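I've put the structures underneath this note.
Below, chain A partners chain B and then partners chain C, in two separate complexes.
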Partner chain A sequence: MSAAHSSAGSGFRSRLAPWLFLSPFLVCFALFTLYPLVQSVVLSMQTTFGPGATKFVGLSNFRGLMGDPLFWTALRNTCIYTLGSLFIQLPLALGLALVLETPGLRGRSWIRLLLFSPSMVGVVFAAMMFALIFEKQTGLANQTLNAMLKPVGVDWSLDFGWLQQHVMSALIVASLWMFVGFNMTFFSAALQNVRKDLIEASVVDGAGPIRRFFTVTVPAIRPVAGFVVLMSVIGSFQLFELPFIMFNNTAGPDNRAMTIVLYLFQNGFETGDLGYASAIGWALALILLVCAGVQRLTSRGEEASA
Partner chain B sequence: MTSLRTTRVLGWIWTRGVLLIAAIFTIIPFLWLIASSFKSNEEFFRSTFLPMDGKRIAWERLTTEPFRRLFTELDFSNSLVNSIFLSSVTGVVATLSCAMGGYALAKFRFKGRGFCTALVLAAVLIPAPLIIAPTYQLLYRLDLLDSFAGLILPALAPAFGVFLFRQAIVSGVPNDLLEAARIDGAGEWRTFATVVLPLVRPMIGTFLMVTFLGMWNNFIAPQVVLQDPSKFPLSVAVAELRRGYYNDYGLQMAGTIISILPVMVLFLVMQKDFVSGLTSGAVKA
Partner chain C sequence: MQEQKDRLAGMLPEWLPPGAAIVTLLAIVSSALLAVGASRPTPNEKAMWTFARPHYLMYEPRVEAWNKAAAKDGRALFDLRLLSLPAMERRMMASFLGDVPCADVLEVERRGVSRTFGGPVESVGFYDLTETLKKEGLLEEINAPSFSPWTTRGHIFGLPHDVHPVMLGYRADIVEAAGIDVSTIETWEDFARVLGPLMDTTGDGKPDRFLLNMWETNQDHLELLLLQAGGGFFDEHERPTLDSEINVHVLATITTWLGGPKRIAADAPNFSAVGNKLKADGYVLASFFPDWMGDIWKHEIPSLSGKMKLMPMPAWEKGGKRTSVWGGTMLGIPKTAVQKPGDFDKLWAFCKELYISDQFMRDLYREGGIVTPVKKYWSDPIFDEPNAFFSGQPAGRLYINLAPLVPNRNSSPYNTFAMYRTVDALVKLAEEARRAHEAGEKNAYDLPRLKARAKAFLGEAQKQVEDVLKRNVFLAEVGGAS
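Up next is the complex of A and B:
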């Protein structure tokens, strides 16, 4: 019996009940998600001058986008940031989770709590901090690196230009602080669910820790890993506040911190062309849809082969 | 074999070492933020963490001036109230509407249930930036720009919330209990409020926190929708500090602390349910 009310109760009230329960959600959802979604298709074929004045332009927004060098800059930067999340952030998060789940570790929950806490800080506020952390001379980043590397004989310059030349590195480092602990928490929850008997069996079979990792742990955490990867890609592709605040409401020197959503924002709310902004939005949605599709296909393939 | 003992000791050192380094890297920016917020600009350039006088910490060179200015010269208490109001209202109403929707999809059999479930699942895939521009246009047409309603209404129907509550209710609310409440003559609403809601309390806690945080940390929506500075929540007010007081580092950091602190306190109070609730969906799925 999946539905409690299918047999019991009858008549009008019970038939109406589910719709009454759904109605607050459905009304808001229809008005503020579905309608804008449809409208974004309409808008993407218009040029607007502010929210009031619109003009139909067909597909020329999309054609313009293809030939727009700034859009490609934005796409390239966003991809670099996403690759940083996938290949620097997630391995670090997994590594930390593995260390954290070492048997017999005391104070585990406190460490997990501490490492998770930066993800509670809104990106806006983290951006405020890191804007100053990456300053030349006085900034914490250069000061720390300088002090740390001195003993090994490397002279890290206090004038290292995080916010001038090494913009993407700065963004990736800031995102490490914000999200490594967050992603680690998911991996660590997954690791707790790895079956103990499988681990013991592999120990009895004489498998070393590396073999054990690839034959027992990896298959067990694969579904969660897939979820974390997809969430990271979706989150990374929507990067906006971090560069926008760090570079004082701009896209940084020579647009070095331009991202897709930042470009969308500039077009929609600084230039006032909601049409072009919507076209950028659809380009983003398309990319994410492809990523989600790829993720589904690969995870389905694993299930089939398992 | 002596090597086994050595390996064990090395392993012990390695795990503690790695975690210690991770903890230090996590905590240092927080400490730096706190120290910076109690500094004049002059002091900001003189010391990285605490002001030193030889080997002595020069506490007297720290100042609460940045905080005082936030609440006198600037209207930060107003922004704090705005943030609390927006986040609380959004959190409570969104959680209630999602719990109700999830209950309908989990425990009623009705025409259109499959469609609604599919709708909710598909909506999870819609990236928020895609509908920013059309939502702005809609708010303009509804004359809701520069109003709190224009911020709250679009945040009341997060589809993933309905999905999460549906899962929680399917697995956490036995049908027998619903039947029993029915036989006792409880109405639909009473059954929901007195039987269903208490059984999914952990999910309610988690989702309240998620929606509260979502609004508290939201920047793009208030930045786009609001014009009047007296309506700004902390996210926009803090970002404005960077524009208006670009060289006032202590002030910027003090504003950042004021914005982070309430959320951190809330997190510490709720952390247990929150973290496990957040990961449970992913691990079970």
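Up next is the complex of A and C:
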């Protein structure tokens, strides 16, 4: 009887113990993630102004989104920024990583630290700094270009509006400064893990540096590159602080710095339309899910072919 | 190790594994620490929040004096807290939307207040002051336009702090050295004609400085110019009026200031080191000056003290309005602070002591350059004192002369949205004209052409605002959502 009781007790304990350990997380997850998630679905189908003023509007917020020119502007801007990240930032990061991994390079650690250090700076600080750099008249960018081009007979206008007419370029330049070094470290780590024997074998087989890069290095770093691409896409679609600070809490002239998250913020926290903001949030989630799905399908295809 | 483990297990009940015991202990200790840290007792019964440091510094001794007197006669004691504007507005909105308490008295800026007017009028988080103001005669005693930003659907939710008339501050040292008398300037056209010769200092035919600090991206400047002209974003029934004829005219005219042969304006951003340098260098000769701006310039650009003077804003047409309005602050009582009979009276007495007293009127002017909205104090000699920053002009008197003419501000929760859309229209218009001018088109800055394009861009903006209003089913009653 006692043995049976003890065995039952121990069975109960072993069943209970994992849940007991998990319970702090599960409670927090349910309270702070799951419940708000479900609530935001409900909210996206409402027009609300506090608990005393809520009306169910069905899918009308989502329908409104489809015909909202500002949402499409925000989506277009976010996509341009994402493409800038993918096609300028990542190749640049990979290029720097390749340079850093060149055998015999002196001061490698210092260069790595130098390139990585901007990512340790807060986005808000970087945004303020670039807002000053791109100012008209007194900004470093216009002053430098003016001074450099004067000797060759070009009169670079100090009134050149980086933050007026060239908003996306300004944002991409700022993000390059911040994140190239960060992504470089991922590529650098991946390059260090490329098997040396494969490289040596390709050299013996007569492959040149370009061929070696595409046939040995690229396939070897593909999983890391896939991860970096996905993270960059997600990060780019969540772009908020950089334009928000650089353009003084606005979406810039003619909404050229309007991103999806900034539009969500304006609707939810400036206009107070939480229902519409929730609908924008779910649209963004859907876009990111599609991106992640595409990435997963692509990498699965590559794994299968490998 | 095993021995230690056994000893620990022996101290615990059989059903509690050592790992779980440690986690539970940590949870209890950290929760207790958090609870103790979070429950810092509020020394006084009531709390007031403000968002501006100069206000905080001005109110601190007054709240202290109130508390000293209140401690003797049993009135409520107050704590004054300074919060950043966004933090305060977010806490306020969270409190109103979640129906949970925040402070007992809130000093809020115009844009923050209009956001609380997005729902049915009965769900506005502030206590309705309309009847109290009527009963106490304050509706007559306070300058009428000062109530407009705190009024929605006929209900007033705030006690006004200010009037904020706008004048033009100009570089008197430069203008007077050129022998120009600004009293001959009555309209914006006069302004450009009379001061125009000052733009080319080197005689090469190109402007080296500009007459007005204004740019297409500056929403505050655009709004005050629209209000001055009698335009704006909404009518008195809160219906959008972005594409009105007045707005079209103002946008087209401003575009001629920003580029082309009649350019008179340049960008010297406010509240920034860059802008301050440009102003100090004389890159722009005149800026819009609401009454609160003088104190900011005095601290940020002290080198301009004695070099600046004030003049009424040039009108849009002869005999037109020579002022406008920029900003605004109120004192409000959240509904959550009024729980039992007598609560409101305690808070209201404090609000009146803070905003309506003659001492406050003096502090407000001496420390912030701001004129009171309480009309009975306007004859006070303090407003006739010469102001050293403005070359000895009696700045207070100049602002008070314009105070009754200040236009009404809109309180729509969509005012900021509408303002951004109007700025979008101006940006498009200015850039289109600039491109056409650079391409050699001679009539790029012709007013009729600009007006036609302004009408089109403002039409798009109007449509966007209407679409947003349609989404708000609660504002249908005021005609916003049709």
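Everything below uses one rule, namely that the second predicted complex is superposed on the first by the 275 of 306 C-alpha atoms of A that agree within 3 Å, B and C clash if a C-alpha of one lies under 4 Å from a C-alpha of the other, contacts with A are read in each partner's own complex, and residues count from 1 in each chain.
By our rule, contacts are C-beta pairs under 8 Å (C-beta built on N, C-alpha and C of every residue); 3 or more make two chains touch, one makes a residue touch a chain.
Computed from a predicted structure; not experimentally measured.
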Fit or clash for chain B plus chain C once both are placed on chain A?
clash
May I ask you to decide whether A:Tyr81 touches chain B, chain C, both, or neither, giving the answer as first, second, both or neither?
neither
A:Val124 in the overlay: touching chain B, chain C, both, or neither? Say first, second, both or neither.
first
In the superposed arrangement, which partner chain does A:Gly52 touch: chain B (first), chain C (second), both, or neither?
both
Touch test for A:Ser40: chain B only (first), chain C only (second), both, or neither?
first
Counting only touches as set out at the top, which of chain B and chain C does A:Phe134 meet: first, second, both, neither?
neither
Based on the superposed arrangement, let me know which partner A:Gln143 touches: chain B (first), chain C (second), both, or neither?
first
Chain touching more of chain A, residue-wise (chain B, chain C)
B
Using the touch definition from the top, say if A:Val228 reaches chain B (first), chain C (second), both or neither.
first
Is A:Asn255 contacted by the first partner chain B, the second partner chain C, both or neither?
second
If we overlay the two complexes on their shared chain A, which of chain B and chain C does A:Leu20 touch? Say first, second, both or neither.
both
26-34, 80-88 or 152-160: stretch of chain C that collides with chain B:
80-88
Report, in rising order, the residues of chain A that make contact with chain B in one complex and with chain C in the other.
9, 13, 17, 20-21, 24, 51-52, 132, 137-138, 269, 274
In the complex, chain A residues that touch chain B
1-6, 8-9, 13-15, 17-22, 24-26, 28-29, 31-33, 35-37, 39-40, 42-43, 48, 51-52, 95-96, 99-100, 102, 105, 111-118, 120-125, 128-133, 137-138, 140, 143-144, 177, 180-181, 185-186, 189-190, 193, 223-224, 227-228, 234, 237-238, 240-241, 245, 248-249, 260-261, 264-265, 268-269, 274, 277-278, 281-282, 284-285, 288-289, 292
Chain A contact footprint on chain C (complex, rising order)
14-15, 17, 19-20, 23, 27, 90, 93, 96-99, 115-116, 118-120, 122-123, 125, 216-217, 219, 267, 274, 277-278, 283, 413-414, 416-417, 420, 423-424, 427-428, 431, 464, 467-468, 471-474
Write out the stretch or stretches of chain B touching chain A in their complex.
11, 14-15, 18-19, 22-23, 25-29, 32-33, 36, 44-45, 48, 96-98, 100-101, 103-105, 107-110, 113, 116, 119, 123, 125-138, 140-141, 153-154, 156-157, 159, 162, 175, 178-179, 182, 188, 192, 213, 216-220, 224, 235, 238-239, 241-243, 246, 249, 252-253, 255-256, 259-260, 263-264, 267, 271, 275-276, 278-280, 282-283, 285
For a test of understanding, state which residues of chain A touch chain C in their complex under the given definition.
9, 12-13, 17, 20-21, 24, 47, 49-53, 55, 57, 60-61, 64, 67-70, 132, 135-139, 164-165, 250-251, 253-255, 266, 269-274, 276
